[in-house]
Every structure is written in C-alpha cells, then in structure tokens.
Amino acid sequence: MGIEKKTYRSGPYQDFYCEATQVGNVLYLSGQIGTDQDGNTPTTTGDQTKIAYSNMQSILARFGEDMSNIVDETLYVTDMSELFAHIEDVYGAREAAYGRAPEACQTVVQVAALVQPELKIEIKCVAHR
Amino acid sequence: MGIEKKTYRSGPYQDFYCEATQVGNVLYLSGQIGTDQDGNTPTTTGDQTKIAYSNMQSILARFGEDMSNIVDETLYVTDMSELFAHIEDVYGAREAAYGRAPEACQTVVQVAALVQPELKIEIKCVAHR
Amino acid sequence: MGIEKKTYRSGPYQDFYCEATQVGNVLYLSGQIGTDQDGNTPTTTGDQTKIAYSNMQSILARFGEDMSNIVDETLYVTDMSELFAHIEDVYGAREAAYGRAPEACQTVVQVAALVQPELKIEIKCVAHR
C-alpha cells in the first residue's frame, strides 16, 4: 500500500517485531523492560525503571528524537503495592529521564505477568515529532 | 525537538504526568477512573463508569473536543464477570456519555489491579480532531 | 466537531462499539480474538492466533489496507508460559499473516482474563496508511 515506515530492530527476536516503527510524525515503541544491553535485570522496580527509560532513550535517539517527544505512556507493573512502595525511585528515574515534568499522559495497570518472571515493570509509549 | 504540545494537568500528581496531551490532531488521555472531583469513588462498576466518562468529557472540553472525537478506547476492568453482570449499566453510562452509538473501537481486558483497590474500571482513550 | 471518521461495525454488539475506526491516516482496530465467523473458538493459542489475524485481515481489507499497514500491536495473553510453549505456532501464524518480517512494534502482557473464558489471546493493533 506504499506506506513508508522507518523501523528499528534489535535483539534475538528481531525478525518477529520491531523495537520501534515510525510512520509520518508518529513513532510507536514496543514495551521497554528493565533489562540492560548485557542482559542483566536488576531486582528492584526503581532500577528496572531506570533501565527501561534508558533503553527508550537509546531508541528515540536513533530516530533523532528524545524524551520530549513522548506523548503517551502505559506502565504495566506486576505489583502495584510494590510500585507505590518505591514510587519515589520510579518517578525519580522517570523525571531524570525526562529532565523535566513529563508532558506525557500515563496509564498504570497491574498485569498478571510480563514476558519474563523477573520483570516488574514494562513501559509502552508513543512519541510524536 | 520543537514538538508543540498542549497539555492538561490536574490533581496531586500533576508534576509527574498529564491528564491529556494534544499533539497535532491527536489528543491522548490518561486512563480515567471512577473517582469524582471530591475524591469519592462509588462501589458499583456502572457508577464508576459514569464518573470516568464524566471526567473524560471535562478533559475533552478543555481542548474544545467532545465524545465524538474519541476513536479508540481500552477498558481495564478488575472483574470481567462483574462487568458483564452490570453490562447494561456500563453501556448505559457509555451511551449517555456519547449521546449516540459510539464511533470508537473498544478493547476490554481484565487486569490484576488498578491504581487503587476500590477501582473496578479504568478507561484509556485516544481522540482525534 | 466535524471530525470525519469511517467505521466498521459487526456482530451482536455493533451498536456499542466499532471493530475499526479510521480517522485521517490512522486506523484503530478493536482487539481481535480467536473466534471465527461461525462463532467457533479453537483451544490452542496457535489456532486462536491464526483466527485473530484472519479477522484482522478482513477488517483491514474493508479499508483498502493490509497487514503491511500495521505499525503497533499489543498482545494480551492469559498464560505467558503457554504462549512461549507454543511460540512457534504463534509466530508462525503471525508471519503467515504478515507474509514477511512484520514492520510493527509488539508489546506482550499477561492479563487476568479476556472477554470470554475460552480465549487465550487478544491482539489490539493500530494501522497507518
């Protein structure tokens, strides 16, 4: 249909989906998790959040974008009470990533499980330019 | 990157996220819950739905939009069987909010928990103008 | 507000929501499930995935679009371990539907329940043209 997309692929499953797909002014990102480039996943929600945003920033940079382009976030967590117990760490990591009060919506739900059992948070977002 | 957004913030956590972010023709809304302006949350799914849509309408109005601008909805519920037990109340509240058969998609999933234990439904939507 | 939408409705609940809503270049689809046109739902995740993508293709075709227009997917599953146990079937069905490596993002979460107890997967996606 002639739609022009720019995609970014990474990791062992890169034949199956993209980490990000840009079409027109919109950049969709796959849910980002708290596993770093070396495959390590820290145990706390705050540390996982930090890595998830770091991964997000790396992806945005590949499209010439940054956190200011994010307009909508969905946070999938596995334990809402743990999230709130560490909310300062989580929002601290978030604010550090954005560098300012985020101009982005946010929806937070507790799911039954994420793709790997050690994950406590996954952040799915949409960016516009 | 020079992206122009219009945002609406409200409530105690307004430094951390926006209730709505408009960019170009698209208006993203954070998930809306059944807690009213005075902080009260009714117990039934139907009543919570009514308030969630009312909150949504207030936000849309701030951008000069209304329910006819909604194109996509995700309903996160905490008890699917209770949702269906009260489906007439829920769809009644929804139809009253839209004022007609909604020209919007809808995806309904049961999550493990919402941000507060008394919540039974959260509605996340996207509007276009 | 004069927003121009093109919608597609189907099934017993078509007064309440649309299977798809197109606005500008964007086509939003409601979450698609593994129930076929005759109301049958196979038991395996792989077979349900096949039908969900088939339903998605039918809807896209009504708007002159196809799988190449999909830019973002959210997979809601009810059992992550079962998903991975049948991941070859699921990704096989997916690759068959796309006809190539999908140029689409993907977010996978395990929810507590879908709209009917026999469902194991629901796929919600966004297409652009």
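Each chain carries a letter (A, B and C) given by its place in the written order, and its residues are counted from 1.
Here, a residue touches a chain if its C-beta (ideal position, glycine included) is under 8 Å from a C-beta of that chain, and two chains touch if they have at least 3 such contacts.
Since the structure is predicted, the reported quantities are computational estimates derived from the model, not experimental observations.
A.B. asks: Superimpose the Cα trace of subunit A on the Cα trace of subunit B, which carries the same sequence, then give the rotation angle to the nearest 5°.
C.D. replies: Best-fit rotation on C-alpha atoms: 120 degrees.
A.B. asks: Pick same or different for copies subunit B and subunit C, depending on whether their interface residues overlap by over half.
C.D. replies: Different, since under half the interface numbering is common to both chains.
A.B. asks: Based only on mean CA positions, could you tell me how far subunit B sits from subunit C in angstrom?
C.D. replies: 22
A.B. asks: In subunit B, what residues contact two or more other chains?
C.D. replies: Residues 111-112, 126 of subunit B each touch two or more of the other chains.
A.B. asks: Using the touch definition from the top, list the residues of subunit C that touch subunit B in their complex.
C.D. replies: Answer in residue numbers: 1, 3, 5, 7, 15-21, 23-24, 26, 28-31, 76, 111-115, 122, 124, 126.
A.B. asks: Can you check the complex and tell me which residues of subunit B touch subunit C?
C.D. replies: By the definition above, subunit B touches subunit C via 25, 64-66, 68-69, 71-74, 78, 80, 91, 94-95, 101-112, 126, 128-129.
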